[in-house]
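Labels A, B, C and D are assigned to the chains in the order they are written; within every chain, residues are numbered from 1.
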């Protein structure tokens, strides 16, 4: 299934990419598994998304936990803690 | 409920007047304006860029206002948040809340700001003499949000 | 600190702009506007007269603002209170507080309103279908003031 | 000594007077004693200023307690609980 992934702010700059479409096996339909796929790229990906790093995930524009399920064509965003206001 | 995410500046007086216009049940309007300071974490700030996640921003702000409306008896609410390039003394955000009584208006206005600070997808990048830097989240903002949990 | 007791209406937007003008240390402005409602304690209110004790009013408001300035790090404060004949939807009072951070601005603004409600010499008389009546003090206002005591 | 006394709001209406100058013996230099003089007038005065009635006193434009001292030419104001804002 295809998952659209967006990156914002410091993470967008570190990864050098703002948006991509990943094809995941249907068996990997969870936020934590998507993150494993990204970490497997190594380098900045492994470092910035390591357990204990301070980042947030939204699924279809709602804040989501690591065990949130994913479905085909979902939009997942990965970003640092927000600092508006 | 009026929610706007925009590059343009806003006129707080006009927004507050519009919020309360024509409703004689309104006895209280509490409002907050956030502004760009020329100093942050010990460095001079020459300018700032506010990035956001357009598809999510309006949805997140609407959810925060809806939660405030569920907790307090409100008669109107306006939230305006700017994005793009901003400079010291520029307005960043306006939250204005109307109610019959002041306790509800104050509480809802502060609640919305506390949640906006930790839940709405905005990120600030500052330009300082030492270069550009992303603003770090503040522990005090997390704490301010946490106190509203039952 | 700007304190005014006046019959004339005020422009909240102009006052808030003046309060923050030219000071790039200001990151937060919290403000409150109190308005005449057309209903109070179960009766329709057609009009209200605000009486005060002129020699004491300014002094009492100054003391309240000075106490707020002693408790929080403020960068400016404006209090305007109207007297005389007022009608539903009319503005009664404006309190606007500037600070570097929002927690100080919110707390000081609410503190000033709570003390104004119980310490400043204003009295409201309402005109209702049942005749004229003096507004009774609210227990909730006493409680709101009491929570600021250490 | 002379004490200027002001009345506001509901009390001004009940007493039918907004301002007067009282001459008090120097030995009665306390708010509570001034109130005794006023209560001795009977009628609305005795009733509205009775112990337990909800009124406030200011001396020289500051809120004052019953045992606050008075000096010649002080301005004392007597009024109901305030209801501004």
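The definition used in the following text is that contacts are C-beta pairs under 8 Å (C-beta built on N, C-alpha and C of every residue); 3 or more make two chains touch, one makes a residue touch a chain.
As the structure is a prediction and not an experimental result, all values here were calculated from the model.
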Omitting chain C while every other chain stays put - resulting connected groups: A, B | D
Gap in Å, rounded to a whole number, between the CA centres of chain D and chain B: 48
Centroid distance [mean C-alpha coordinates] between chain B and chain A, Å: 26
Separation of mean Cα positions, chain D and chain A [Å, integer]: 72
Overlap residues in chain D, where contacts from two or more other chains coincide: 85
Of all residues in chain C, the ones touching two or more other chains: 34, 102, 113
Chain pairs that touch, as defined at the top of this document: A-B, B-C, C-D
Chain C partner contacts - residues on chain D that touch it in the complex: 6, 8-10, 54, 58, 61-63, 75, 77, 79-85
Touching residues on chain B, where the partner in the complex is chain A: 34, 50-53, 55-56, 59-60, 81, 92-93, 113, 116-125, 134-137
Touch list for chain B against partner chain C, complex: 11-14, 16-17, 20, 22-39, 88-89, 100, 102-103, 105-106, 109-110, 113, 140, 144
